[in-house]
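For reference, the structure I am asking about is given below.
Chain lettering (A, B, C and D) follows the sequence in which the chains are written, and residue indices restart at 1 in each chain.
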Amino acid sequence: MNVQTETIHLLAPQQELVPYLSVRGRSLALAAPLSEEDCAAQSMPDASPIKWHLAHTTWFFETFILERFESNFQPHHPAFRVLFNSYYNGVGDKHARAQRGLLTRPPFDEVLAYRRDVDARVIALLSQPLPPQLLTEIRGLLELGLQHEQQHQELMMTDVLHLFSRNPLKPAYADILYSLAEAPPALEWIPFASGVVQVGYEGTGFCFDNELPRHRQFVEAYELASRLVTNREYLAFVEAGGYENPALWLSEGWDWVQAQQIQHPLYWQHDRGWHTFSLQGMRPLDLNAALTHISYFEADAYARWSGARLPTEAEWEHAAQTTAELSQLFGTCWQWTSSSYAAYPGYEAAAGALGEYNGKFMANQYVLRGSSCVTPDGHARISYRNFFPSSARWQFTGIRLARQA
Amino acid sequence: MNVQTETIHLLAPQQELVPYLSVRGRSLALAAPLSEEDCAAQSMPDASPIKWHLAHTTWFFETFILERFESNFQPHHPAFRVLFNSYYNGVGDKHARAQRGLLTRPPFDEVLAYRRDVDARVIALLSQPLPPQLLTEIRGLLELGLQHEQQHQELMMTDVLHLFSRNPLKPAYADILYSLAEAPPALEWIPFASGVVQVGYEGTGFCFDNELPRHRQFVEAYELASRLVTNREYLAFVEAGGYENPALWLSEGWDWVQAQQIQHPLYWQHDRGWHTFSLQGMRPLDLNAALTHISYFEADAYARWSGARLPTEAEWEHAAQTTAELSQLFGTCWQWTSSSYAAYPGYEAAAGALGEYNGKFMANQYVLRGSSCVTPDGHARISYRNFFPSSARWQFTGIRLARQA
Amino acid sequence: MNVQTETIHLLAPQQELVPYLSVRGRSLALAAPLSEEDCAAQSMPDASPIKWHLAHTTWFFETFILERFESNFQPHHPAFRVLFNSYYNGVGDKHARAQRGLLTRPPFDEVLAYRRDVDARVIALLSQPLPPQLLTEIRGLLELGLQHEQQHQELMMTDVLHLFSRNPLKPAYADILYSLAEAPPALEWIPFASGVVQVGYEGTGFCFDNELPRHRQFVEAYELASRLVTNREYLAFVEAGGYENPALWLSEGWDWVQAQQIQHPLYWQHDRGWHTFSLQGMRPLDLNAALTHISYFEADAYARWSGARLPTEAEWEHAAQTTAELSQLFGTCWQWTSSSYAAYPGYEAAAGALGEYNGKFMANQYVLRGSSCVTPDGHARISYRNFFPSSARWQFTGIRLARQA
Amino acid sequence: MNVQTETIHLLAPQQELVPYLSVRGRSLALAAPLSEEDCAAQSMPDASPIKWHLAHTTWFFETFILERFESNFQPHHPAFRVLFNSYYNGVGDKHARAQRGLLTRPPFDEVLAYRRDVDARVIALLSQPLPPQLLTEIRGLLELGLQHEQQHQELMMTDVLHLFSRNPLKPAYADILYSLAEAPPALEWIPFASGVVQVGYEGTGFCFDNELPRHRQFVEAYELASRLVTNREYLAFVEAGGYENPALWLSEGWDWVQAQQIQHPLYWQHDRGWHTFSLQGMRPLDLNAALTHISYFEADAYARWSGARLPTEAEWEHAAQTTAELSQLFGTCWQWTSSSYAAYPGYEAAAGALGEYNGKFMANQYVLRGSSCVTPDGHARISYRNFFPSSARWQFTGIRLARQA
């Protein structure tokens, strides 16, 4: 056996392509109910057009895999490097975020062609013999690219929901995602003892850099709500004048409520009874369903009003590790924690542009835990750290209460 | 002869429909080179999506003719009354101007169906027997609706130009509108004697209310440039530091230049020689061509730099009435005058919502005279008063100089 | 008689210093009721601190007379050239307008010393023998400087009124300027025939460059109200819902009303009856008194509501020249005209920095005619052109109606 | 001994008044070098006029002590309750923060009279016999009021520094606070082992509610710099292009650097060598002195550039408790930590308006530890938690580096 033979390896047998093709295909499926016009519009700077999501996730594979590993790499289109760069200063210039909705060119079909081209080239790359070291690295980047695309799949849903919410015709995205909630069980307080706990990812699968290193934290004794806050419960807060009472709010939250004239969750509307706008269009408010689309400020105010508080992310993670008594941890809505998004002790960002993936956002954002109804299957983890600014509401965000034991 | 016979009148024989069908068809033809995505985007609050233009011009006929004269009028779609109202407070609510680009619904096809439906109903209305008095009124509104649509046809071209200018791919709308200009004749100063002149529309054809009443003004002796300022001439101003010398600018203009960091006309770009963005895409600057896409502030500063001034609208109109020595009066670009847009003595706006067409804009805007390369044939007149705020640049706007005799 | 003798001239005998000392002294007298704190504050970018007015008017004499004509000129303080330059780009840099309220240094006393020093040097200059040509020029600049200071005396009153209006303690400047108005005579319409009229200053006294050249204009027949609109009349407009009816407003005015939530004149306040804030503090609204502190937009809306219009400045000036039937032309409040501030035909700004005095503001402002209760005696003229942007309200501005004959 | 006797207590013998009079007197002493004009101006919304500080600290005693405990309480001036309320919604309305600089009335002398009146009434109250329970409560509020006034004493210095920095005359506050720094010792890394540590105030003296409860935290092993970062060290970062390299910055920090065009610490200025503006006026930059007046973003970027990080507040506090090897903990400048300002586990805000003192600011701010050169003597503590938004720079803020062991 010679060295030459040893370094040859068939990276991508059929079965290894399944996740790639599956995730990539799901993005297109999510866009299927939408027109080209729907896919091109941008409803606010925080949101992006669907077409842009489809292109940017492709740019990610092109930039971080093809550009690095493909022989004689040529970009699919030289302008796309700038057009579809989201925030990676290490890659170079970026198209202004707030103007993504002006990119009527390249047309939708050309973005689909871009996807097909990059997919073919990624598959070709994976079909070549590669040295084991490269193999490991590419597999890592491929996994990262797919996780990245899954994150954008969630954003596609929240962004199209926001776009449609701004349209007076109140169009529905689809009829498949919601059903009327059953009456929830009574809220129970699950106790956890004080002590040193372990926080952060442990295992051999994929995780983002911000979930590492696994480390110790001390938590004082606490209790966690067995389920999420419902619309009915939050409506009581609204009707009790929660939005008019500054004593319930953080100072910055109260300024926000007044400046933006906030009076209820983002998609609620009072018109002969409470309604809420959803991916199914405008519907009567389901009082049994979990509250969603609230900001950190609202979550914090509601918790204070109810005599409780938000959990820290360590409390949430420790509880999720150690008990089966908590429902709605995943798949309903992201749960605000009181933890400002920060590096774990010993955190190290990746070298180069990929180091910008998570680390540079570690200021003035709050961590959310769990996952939501539009998070792709298999994407969530107990150690997963989502994060958004304290006034963000267009994600599927809700409340799990905590209190001191 | 009985009364019945007398009031019966065939309003729309074949030939009377020609202008209606022609103008309406031209709007669609202008949209033909564009994708649905192109037609849905809005590049700034001052501009509108092409789809919106197509719908709004239709709304105009529906609202001001069908709603009033059609028996058992039913709106094509109840939401369109708000969605496609531009600025007529008398009609009711309006969709926020800056958010027209979010209207991915109704889809493009549905707007085309809206046009077809309204067209059919207008033609049906015109094919009915009508009393002579109604006939006159409808004919007037029909004419107004077509003139209105022609104004929007010009805006469609300026708005798509602006949209494409913001796209890093610098797409071209079409190749048909421009050709390389011939060297212009030397600029001559055409003299006009002082005296009382007549200003305002005279005749039996169509004019807007702001062109009336025809009235007298006194003009001191003056001279008018025989042709428009060229790119070559304006480039000399740029290269002489015109944009860096506050002594040349109105105070508000200088603030604007500094705040917006203006250094040249809107679509000029310096990249190994001067280029300009056009409906044909990015092209080398044609030095012989007439300067265009400048604000009132720039027109005024250039005039001051060259030892001249801008004409008043009375000077422009009197000259256009009385001499054949002036070239480029029409069909090249609109010509800024020093006249603030104001009511003529005795001006009366129409009753009702149509009274908002012109009158309510008579403040802090400047009158432009002539017409541009994208003004529809037959739309311009010597007495025509176009008007824009002093910082507007996305129209085809240029300079004809004047000076005291 | 030799040349030497001929060029020697005693510019300033005692009596010639009277106007200088009188005007300069009046500025200090106006500041007398105020504390040093009152004199240092700036309530909005449009207004300036009293101390700044006192310094800037002094800077004017120092810059345009002493710097040019004094032998071995040394500035009183090198930093003052920038600190107290208002808007003369030709003189050099300027301190940011909106930050004049931060200039707690130089202290008030030092500004008084600045005034004394410049006064002494001006008087010394005027006491020297000077060639006749210089004499004429200096006399012209001296006159301009005094007229300029009188303009600032009016601004001192309007600026301190605005400052005090923002103070919850509602302090009074003084008790001397107002008294309860008598019931006004019935409004009469004074007719004027059409024809060519003369507009602009005629005579040998002082006028600003913007009043020249005297020239001809044609006016159609019109009528002018014999007196100003009263608070009682304007209150009827308020109570009739004038501020809620878009049909009465210019488009830009309606946007302004809505964005700023304007519901009444600037200093009116409804608190168990209408009150108004004045230089005497908060007082019950005097219904017989002339309406004041309204914007051009409000003046225009009121005129439309009352079935009339605002006069042009030519109409106002011609009327003031030719009849004695108009009351309240001067000394009550400035009267908005429908004329956008523009150059008269043949207007020429002075050379150098003084050319910035008037000309560069000739855009997007409206002319006011007459004078107000805080205009210094002797400062007004029939041909005087005051001007402010269409939303300005802190000057003493009111309405005289006009209509077609 | 009867109950009557028992409840009688002389609260304020001479010696007990010493701290009150001393702290209250120090505020006036700090204002002594300033003019009334200096004391009335507000240079930015974050800063307040000196006069306002003097009044607000007095309002604190009047509102939270006199209003509650004085018999027949009458406010010194009814308007002051609103004018000098900083942010206590529980007390009622507040005067708009950004307009404190417009309060030329009440005049400075009247604020001094306010101070004298409240001081006399507080002393009178303290001289009365009071039940022990009230005594304890009043003593607590008195202590809180004095600590509050000391916090404002620091703000008086930072606010006047900012005001003077905006004045082109660059005035000096005083010559007493600075001297040239000696060359600092070499930076050493002091190691700390991992383990559960105690955080929060322990003792019987005064502390703010945000320092409680004392609780346990787990810290991984770390090292702390023995001294603060110097100007010389930070200048190396500046000269190495630190402000031009996005890879060094948090994303929000980079946006801030670009939007505000930040290129160096707040008061640095490059003009034939580096200078810095200080309470002594403009001075050459002292390279040996500790860096100060930088934002959290700058602190974080510098730490990243130097291969280190900022400490958490638990790391800082544990180190300060357990070693004598750290210099410049107190009295030089506040030290940014990477800890977002948040409630300690079990934190409880006080009831009523005083509960707004600290708790409502616990979002999107970062904790600073130690104290500065303008912190009053005796005010600082190891457990003291100062906090400011991540872009704040006008406080005396610097950097102590940390790193993993």
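What we mean here is this: contacts are C-beta pairs under 8 Å (C-beta built on N, C-alpha and C of every residue); 3 or more make two chains touch, one makes a residue touch a chain.
In this text the structure is predicted, and so the values were computed from the model without any measurement.
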{"item": "Furthest chain, CA centroid comparison against subunit C", "value": "A"}
{"item": "Between subunit A and subunit D, centroid-to-centroid distance (C-alpha), Å", "value": "38"}
{"item": "Rounded Å distance between subunit C and subunit D, as computed from the means of their C-alpha atoms", "value": "46"}
{"item": "Gap in Å, rounded to a whole number, between the CA centres of subunit C and subunit A", "value": "59"}
{"item": "Contacts with 2+ other chains: residues of subunit A", "value": "none"}
{"item": "Chain-to-chain touches, reported pairwise for every pair that qualifies", "value": "A-B, A-D, B-C, C-D"}
{"item": "Residues on subunit A engaged by subunit D in the complex (per definition of touch)", "value": "87, 89-90, 194, 196, 215-220, 222, 246-247, 249-254, 296-297, 300, 309, 338-340, 342-343, 345-346, 355-356, 360-364, 390, 404"}
{"item": "Interface residues, subunit B side, partner subunit A - complex", "value": "35-41, 43, 51, 79, 82-83, 95, 99, 101-108, 163-164, 166-169, 171"}
